[in-house]
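The following pair of complexes shares a single chain, subunit A, combined with subunit B in the former and subunit C in the latter.
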Partner chain A sequence: MNNYLGNKKALAIFLLPALIIYSVVLIYPVLQTVFRSFYDWDGLSTPVFSGLSNYKELFGDPLLGTSLKNGAIFALVLVVFQIGLGTVLALICADPRTRGRKLLKTAYFVPVVLSVTVVCQLWIAMYDPTNGLINRLFSLLHIPYEQNWLNSPTQSIIAIAFVNAWQFMGYQFALLYAGVKAIPEDYFEAATIDGCSKWRAHLHVTLPLMRETFKFCFVIAITSGIGAFVQMLIMTNGGPGTTNYTLTFMIYRYAFMESNYGYACAVSVLLVLISLLATLVINKVFDRGQQA
Partner chain B sequence: MSRTALRKVGQTVLQIPLWLYLVVSIYPLFWMVSYSLKNNDEIFVTNPFGFPTHFRFENYVNAWKQFNVPRYFLNSFVVSIVSTVLILLLALMFAFAVARMKWRFRSAVRTYMIIGMFMPLQVIMIPLALLVRDFHLTNTYGALILPYVAIGLPFSTMVFYGFLVGIPKEIEEAACMDGSSIYGLFLKIILPLALPAIATVAIFQFLNNWNEFTLAYILISEETMKTLPLGLLFFQGSYSTDWGAMGAVMTIASLPMVLVYLFLSEQVERAMTVGSAVKG
Partner chain C sequence: MKMNRNRFSAILLTLTLSIGLTACGSNNSASSGSGNSEGNAGNSTIKLKVYAQHFDEDTSKPFDYAVEQLKKEMPNVQIELDPAVQDGYQKLKTYAATGNMPDIYFTDWPTLQTLSKSKNVELLDDYETTSEFKKSLNPGVDSRLVAPDNHVYAYPDTGIEFQIIYYNKSIFDKVGIQTPIKTFDQMADAAKKLKDDGYVPMSIFAKEKWITTAFYNGLVTREQPEGFGAVDQKGVKELPEAFVTAAQQMKKLQEAGLFDANATNTNYDQASSLFYQGKAGMFVNGQWEIYSSQEKLGDQVDWMYWPAKDEATYEQSKYFINGAGSPAGYAVSPSSKNKETAVKVAAFLASKSAEYRYSQLGSPIVAPKVDKPIPANVPAMMQRIVNELLPNAQKYALLLNNTAIQNAINDNTQNLLVGGFSADDFVKNLNRALDKEN
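After this line comes the complex of A and B, so read on.
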């Protein structure tokens, strides 16, 4: 039997194709990025070792501050809108007396399967200052809040982040809803029988038991905020000016528009480190809650 | 009013947010489809919010003429199908070797594969662009298929691994007794058993590959090789004044995926959320 399942030739046939593609196309490039971040390199001529100079330059780059701030705002919008609102909606929807659950879930999920290009262009049209749906809605309701949504140095990042939040709300909702449903009903019932109001029971029983779901939802929301790119590219091209830059937009610009590959690699390394750090912190925070 | 009646009203009021959000989620799409059937005058002045009074299908005719719809669809289709099939095959083989076969470093190799799941895509953008250039794959299907396969592997192998370790050990003993080779075991027993997991991973990867934007944007510049998400970008620039045609293009591009989703909603949702069980 061991001989049968330890067949070396068969092992190589099953294992190697996946391992080779994965190593050559994913792992090797990751190592390359780390390695090249210590070089001065335009992508064509011979790279020149430059130690930590890319990193030193990076920390003096005014775009870094803008990018980090925008990543944080982007992540915050996703957390508030998708996880905050999504949790409330999931709790109401999971109530056995709610009707039309299937319809609601389906309707929330439709935007998830659309192409991000379609979604961005749809929202460009909706944010249009003169003909867009949003400004027309405000004027219809006589609320003087019409503005040039995508051209404001302070608010456009929120408007752009909202597009991502809107598109993937259904995804986070599906996770949160499954999380609520996974909790045995009797926990919640016991709490209400003990005299807890429904919302107190959710606060003290349901939500703490959804720790694993929340952990995953936060990781997705925060890492996609840090790495945001496509919406900025399609909707405003990082503008007005450079106000809507993110880390990924920096990588794109330095590598593919300015051929400053070494420097762009340093930005990539920073992006990975921040993403990993965020994941670790989220795990720590949620695991600590478990012991308390 | 009696208490039960009051509670019923309360229950209904509580559900209002759900239906409000349904409008937020769906209305933009309704708006897109309805303006694809209007002319600029209706969109801007006479009827911006509501249902089109007169269906202007000429927007679709114009869009189809101006926009290379079949080409972009074909490219997206080839890239997504080939990548998905390769991912399924390679990931299942890998998972079989790691979950069922007996050898020394299998847990180390499995860990090595998991690492890829935590790598932000952006980190490989630059070397990948150069790799594609150096292998002369720029503007070929291969430029997208290879990275999509590599990126899809970690997640898919983990789903298959989770599925395959749960199959009872006696399967191999029975196959061995029957004189089946290890390849026969894989093809005739494991593969059919894994069909539910294969369906889930297939949906997940196909959707991901179909809608992938960033790598395609960096690796493809040739008009004839562009996938649907890229082709749509071109329309933004050149058709900003003809909103009707723009809406028509967006509707054409979205329709297939929305229909697939409506027919397979349960499976699609399960496929897309299965990641939470794996990544956790």
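After this line comes the complex of A and C, so read on.
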């Protein structure tokens, strides 16, 4: 084995197929997208070089503000719900004294395997302002908070983000649970013997040791929020108006509804840059925490 | 030897990458067509691939009838159907991008414009078939064949379709609403009466933005017969008065409770079943809904003209039609190996499809004239259109070509159905779009 690892030719031969596939399916399209973003192009005709005009237009596009704000709200809801609640549930399920742990673990993961369309249709019915379960519950509990959930210009994005958060919480939960189980129990036991309460021990021992898991979970949640699309498409079609637009929805609109592929490429480049920036910031924050 | 091996590896790597990358490229010049070359055709079979709508009875029956008739007229032509999918013509655009265009394809005006720029549609202007088709057109429907740039890209089968307001006569009688509703104040009053009696006043599938746009256009056409065509001109930087009035009227109707609270999340199936189950007093859709509504509600259902600001305006404008003709239909690919035949077949398919719609389905909304009798069992509502509306039609709305303005109207008319969005917001957003585009 060591012979192979020291042999550069052998390494190159083994890596080459993967490198070629990676280049063709990922790097090449990304470079093409960047390249096309400098062109006025309808997807079929010969592209006309337009320099930075797509980017200039993009930064004056009223949809950009809406999309960035919605992406940020979506990401925030995912972080709070998936990572916050996912962590609490992971800690509960990791405790050997919790009864029915297997059942709970399965229950939390079940929504992940359901079809997004089915889940969205289910929640559309639950959010219905007149006959929906959510408003009925508020009414039964005499809480005057009935809302027009999916039509409200301010609340609908949170309502939609919640559906994504609910469905994929189990996925984050599985990662966090694996992270908790990877920490040797001795640390936790030593802390409790030293007089720490259970939750205090988790706060000072378990959670700091899960830094790498959290880093990964944050990257997934935030980039998923920024690039959210399917739930908006199915639940409100981006509406009312453009209330629930995100960057991905903008790409869909300009590329497929307006045949303005050059401009859609510019939005795609911005989406990739924002996602990369978010990933870098998350890595930086978590690495700094580790050094401290 | 070592050097040679390195060179060999480098050449191999370059070749692999080149093949991989070229595979992703496209070549629009690649020919389609699955038949023989036209020059060699003679009496042998000519195969033509046709991309056409063929997903329900409304689309498959007229097409199948046209193909049957074609077998009699041109026995040496064999049609290979490629059924269109309801994907906004993305599949067709993919064919164009990969150089695999079918010989004949059915498409709409926005797609024709894109395909025209990329030279994927044959210009039909100078074909003799086109002049014959032009002569056969029904009066007033030229805009279905001749594009705003004066070119002919496709042969249409249907005429100019339009939107009407359907209402349930039994519910109106029960609630005490006088018909016809002539003014938008009467419409607001009717909405209140229906709502008070527990009905959804108007069922609308506003998850699709075009229907809110159509509703708004209906109000606009009461004072501006050109409809959206009036904002599609250079120099129009602000919304004309008729459009502002229509936005205010639509907002007032929303505030009067005309539309369901969940209207912007209601799809066609949900909206139509509310109407057909007798839970909604009114329903808005195109004239093509007549067959379904007559079948499901029988004599209980009828249609009405769009309301206006007062009765005088209503009487003056009720024959301004809320529907604009846009070029659409059977187009021909310039890369077809049997282009001359394909042009003839495209026109034939359009004519025969129209013939079926007219003579079998009783639909008078067809582009070419049909010299056959309309069947006796035409729904009463359609007969009203034939007897009352079409002979008196004063003007059809004009086409809005600008996609950006169209999208701005779509977005903002949908917003008018939601609380917290005012008519002033509508005007401000539209003025911004007009200022940028015109």
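Definition applied: the second predicted complex is superposed on the first by the 265 of 292 C-alpha atoms of A that agree within 3 Å, B and C clash if a C-alpha of one lies under 4 Å from a C-alpha of the other, contacts with A are read in each partner's own complex, and residues count from 1 in each chain.
The working rule: contacts are C-beta pairs under 8 Å (C-beta built on N, C-alpha and C of every residue); 3 or more make two chains touch, one makes a residue touch a chain.
These numbers come from a predicted model, not from an experiment.
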*asked:* So in the superposed three-chain picture, is A:F256 touching just subunit B, just subunit C, both, or none of them (first/second/both/neither)?
replied: both
Of subunit B and subunit C, the partner touching more residues of subunit A is B
With the two complexes superposed on chain A, say which partner A:Q155 touches: subunit B (first), subunit C (second), both, or neither. neither
Q) Which partner does A:S197 contact after superposing on A: first (subunit B), second (subunit C), both, neither? A) neither
First (subunit B), second (subunit C), both or neither touched by A:S139:
neither
Query = Just subunit B (first), just subunit C (second), both, or neither: which does A:G43 touch?
reply = both
Figure out whether A:T279 sits in contact with subunit B (first) or subunit C (second), or with both, or with neither.
first
- Tell me which partner A:R97 touches in the superposition: subunit B (first), subunit C (second), both or neither. first
With both complexes overlaid on chain A, does A:G239 touch subunit B (first), subunit C (second), both or neither? second
Notebook entry, point to check: Of the partners subunit B and subunit C, which touch A:Y28 in the superposed model: first, second, both, neither?
Noted result: both
Subunit B and subunit C footprints on subunit A meet at residues 24, 28, 43, 124, 130, 256
Counting only contacts in the complex, subunit B reaches subunit A at residues 11, 14-15, 17-19, 21-22, 24-26, 28-29, 31-32, 35, 43-44, 48-49, 90-91, 93-94, 96-98, 100-103, 109, 112-113, 115-116, 118-131, 146-147, 149-151, 153-154, 157, 172-173, 176, 182-183, 186, 207, 210-211, 213-214, 217-218, 228-230, 232-233, 235-236, 243, 246, 250, 253-254, 257-258, 260-262, 265, 268-269, 272-273, 276, 279-280
Interface with subunit A, subunit C side, in the complex: residues 13, 16-17, 20-21, 24, 28, 88, 90, 93, 96-97, 110, 114-115, 117-118, 120, 207-209, 260-262, 264-265, 403-404, 407, 411-412, 414-415, 417-421, 432
Seen from subunit A, its contact residues with subunit B in the complex are 1-2, 4-7, 10-11, 13-15, 17-19, 21-22, 24-30, 32-33, 36, 43, 85, 88-89, 92-93, 95, 97-99, 103-118, 121-126, 130-131, 133, 136, 166, 169-171, 174-175, 178, 212-213, 215-216, 219, 223, 227, 229-230, 233-234, 247-248, 251-252, 255-256, 261, 264-265, 268-269, 271-272, 275-276, 279
Listed in rising order, subunit A residues that touch subunit C in their complex are 16, 20, 23-24, 28, 42-46, 62, 124, 128-130, 148, 150-153, 235-237, 239-243, 253, 256-259
